[in-house]
Amino acid sequence: MSATASPAYPTTWRPPSLFGSRRRRFIFWAAVVAYVIWSVSDLNIDGNRILAGLPRALDIFARMVPPDFSRWEMLLSGMLESIQIAIASTIVGALLAIPIGLAAAANLSPRPLYLLARGFIVVGRTFHEVIIAIFFVKLFGFGPVAGLLTLAVSSAIFLGKMLAEDIENMKEGPVEAIRATGASFGQVVGYAVVPQVMVKQLGVLIYRLDANLRHSTVIGIVGAGGIGQTLSASFSRYDFDFSSAILLTIAALVALGEWFSDWARRRLR
Amino acid sequence: MKANANPRRDGGAEPKRSYPDTWERHTPRERLTQWLWLIGGAFAAVWSVSALDIEWAFFADAHVQAADLIQRMWPPRWSYLPLVVRPLIETIHIATLGTMISIVLALPVAFLAARNTTLNQGTWLIGRAILVLSRSINTVIWGLLFVAIFGPGPVAGICAVAARSVGFIAKLVAEAIEEVEAGQIEAVEATGAGTFQIYGVAILPQILPVLIGTSIYRWDINVRESSVLGFVGAGGIGLLLYASINQFAWSQVLVILIAILAIIIISEALSAYVRSRIT
Amino acid sequence: MTAPSGMPLLRIEALEKTYPTGKRALAGVDVTIDRPQVVAIIGSSGAGKSTLIRCINRLVEPTAGRILLNGGDIVALDRKGLRAARRRIGMIFQEYNLVERLTVMQNVLSGRLGYVGLIASLRYRFPAEDIQAAFALLDRVGLDGYHNQRADALSGGQRQRVGIARALMQRPDLLLLDEPTASLDPKTARQIMRLVRELVSERQTPAIINIHDVALAKAYSDRIIGLRDGIVVFDDGPAELTDEVLSVIYGDEDWTLPGEGDDEPATALSSAS
């Protein structure tokens, strides 16, 4: 009683594939399977060791519950150190970011200086904070100073890049207008550049504070201070109930930091 | 009409107006909040820096030490390069396999954590809890945990990358699910389709671009993360870097750093290219 | 068409809906449809038109009352039973509600989702007769050759045709149309209404249409139901829809004045006061 199905209409139809043709889809999935086989065999992944890990995972998990907060003083001092590293490095990083950002803005800085600053940003951004941290640990020894410097450098690079991009995207008109009044370079920056980029950069700064808080929990693993050092030590002593207490505290702190960062950035708008 | 009405109402016919000789950009209330933020920031800065007990004496010879380090690094020991290749491939394997696993795990988590597809308040909370836990613990810390479970090696690294990426991908995908128009879901529901058919037919095609784009973006972040997983024993080039630094083999360290720089820049460019092709 | 003789196709009894906000959208609605016909529901915004249509396939849960489709009460069904009942009710929406990133064919075939397994439906493997029926329907609604176009590449009128084809794919016992022409230009709106009317008589399937445009309702329906504050205040043929009746449905207004231009004196009056 439905469509009076005359045989003129086709009875088969295939949905169009995401890949354009079925052949290309086959090639894609064959490549994925081949890659997985190659990489798994290349890594010498031992199935037995994974199986042996499962009961151990249960054991570790059982020892993690309930988390042990009895050494809260140690936990608190580690967390405070992480927070201090995050705040101090954000401020130092912001100060360092101003010259970097000005130098890396194509519309303000002379060509050779621009290329130098951009090169520094590209190379610096590539390396993970932990790699930078290990060099500062070698230079300044174990402790929060290495952590502070690590995050200050990576913040300076990140903030400098954002500042440079913001300056490059700002409207040229006001800069020319202020220049036309006979203002000096400093006055041009103060009256035409700062008002245009200030609000957005404050937002980026708050975002970076949040990011530094996350990173400050890790760099301790190579001895650069903060809660990461405490966590790493607890793992190596199989002190898993203390580890879980630290992990929960880190998760809470990071979630809180994200919430604060979202809230503060909303207030800015 | 209007032009005539205004001056009369303003009483602008006044012979002489006095103009203010001071001008403030912000109202007192705005100034107060600005000052409070500034004082709060300054207080936090002073507290942080003073509490860290910085030994300023260390900085005195820092530049000498840094110069010394650079001198010992140069020239890079290129003969070491062939030994770097295998750990580099291992690093990329860890990032790729970890990302693949996380995509598979992230889809169900995203459906749990999106308000319009989750089953009830309880499952929504479970979904959100997975997001928060996965995202707030750094890849390297996940690495510590998985090394304790599986022992040192790339398996721990793959698990660490997957554990951190699940939350990252699922959060963005859940946001995309919440943005799917309710009417389109309703229309498929009205045909009498089952819940999973609604997910598959009305929602999945709409979020596919976000899922693919986010996964590729996360993959290039993961290459960077994998470069340090070796520091906690979770495989990859980091192991070699850590060992070389501890042996003070600085010219070797430079070769490794250059290799890391190369793969990260290449993977970033590749990821940006593929993402620009998709959208 | 499948109703046993003597039993009406659709019978709505004392249907009530009160939203959690306290708004009473339906206050006891009784409607019986016993033969294939186009039934237009008119009424001002908030009179309960949309609520009534959505209660029939329970996209909105009724508060009280019964909805008998072929004798079975839809309100009493559990989730599984409801899904089975929804398969027999085709629905067409104001905003078309196509899945935009899918092709026309995928959208049309989604009308058969209730009849294929989960895995097959996700791979779009439908029986040959469904595929043939889908091609035939696309031809019938005037979209022959459009099957591999993506839905977001179509115009409004074309999208609504796909929406109609999707609903008809269900081989429904009843069609529900929720403001199907409100997002279309006047010419396309008339074409769509004509198509719906033709399909209702071809397939002997009754259709219930929510519609704002009284002229369209009069021109293309067999029967008009007027709703006011959740109560049926008029239920008769379009010829009986006089100006007095319109005043009952919509409130007092001079229905003899031409539609254009009566804005200006009104605003002039209000601004003067």
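To keep things simple, chains are lettered A, B and C as they appear, and every chain counts its residues starting from 1.
One rule holds for everything that comes next: contacts are C-beta pairs under 8 Å (C-beta built on N, C-alpha and C of every residue); 3 or more make two chains touch, one makes a residue touch a chain.
Remember, predicted model here, so these are calculated numbers, not experimental data.
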item	value
Chain whose averaged C-alpha position falls nearest the assembly-wide average	B
Most heavily contacting chain pair (counted by C-beta pairs in contact)	A-B
Identity of the chain that, by mean CA position, is farthest from subunit A	C
Where subunit B and subunit C are represented by their mean Cα positions, the distance between them in whole Å	47
Where subunit A and subunit B are represented by their mean Cα positions, the distance between them in whole Å	4
Rounded Å distance between subunit A and subunit C, as computed from the means of their C-alpha atoms	51
Overlap residues in subunit C, where contacts from two or more other chains coincide	106
Numbers and ranges of subunit B residues touching at least 2 other chains	208
Residues on subunit A engaged by subunit C in the complex (per definition of touch)	1-6, 9-16
Of all residues in subunit B, those that touch subunit C in their complex	181, 183-184, 186-194, 196-197, 200-202, 205-206, 208
Of subunit A, residues touching subunit B in the complex	18, 35-36, 39-40, 42-43, 45-46, 49-50, 53, 56-57, 60, 80-81, 83-85, 87-88, 91, 122-123, 126-128, 130-131, 134-135, 138-141, 144-145, 148, 214-215, 217-218, 221-222, 225, 228, 231-232, 235, 238, 240, 243, 247, 250-251, 254-255, 258
Residues on subunit C engaged by subunit A in the complex (per definition of touch)	1, 103, 105-106, 123-124, 128-129, 131-137, 139-140, 147-148, 168, 171, 203
Subunit B-facing residues of subunit C, complex	57, 59, 83-91, 93, 95, 97-102, 106, 110-114, 118, 121-122, 163, 166, 170
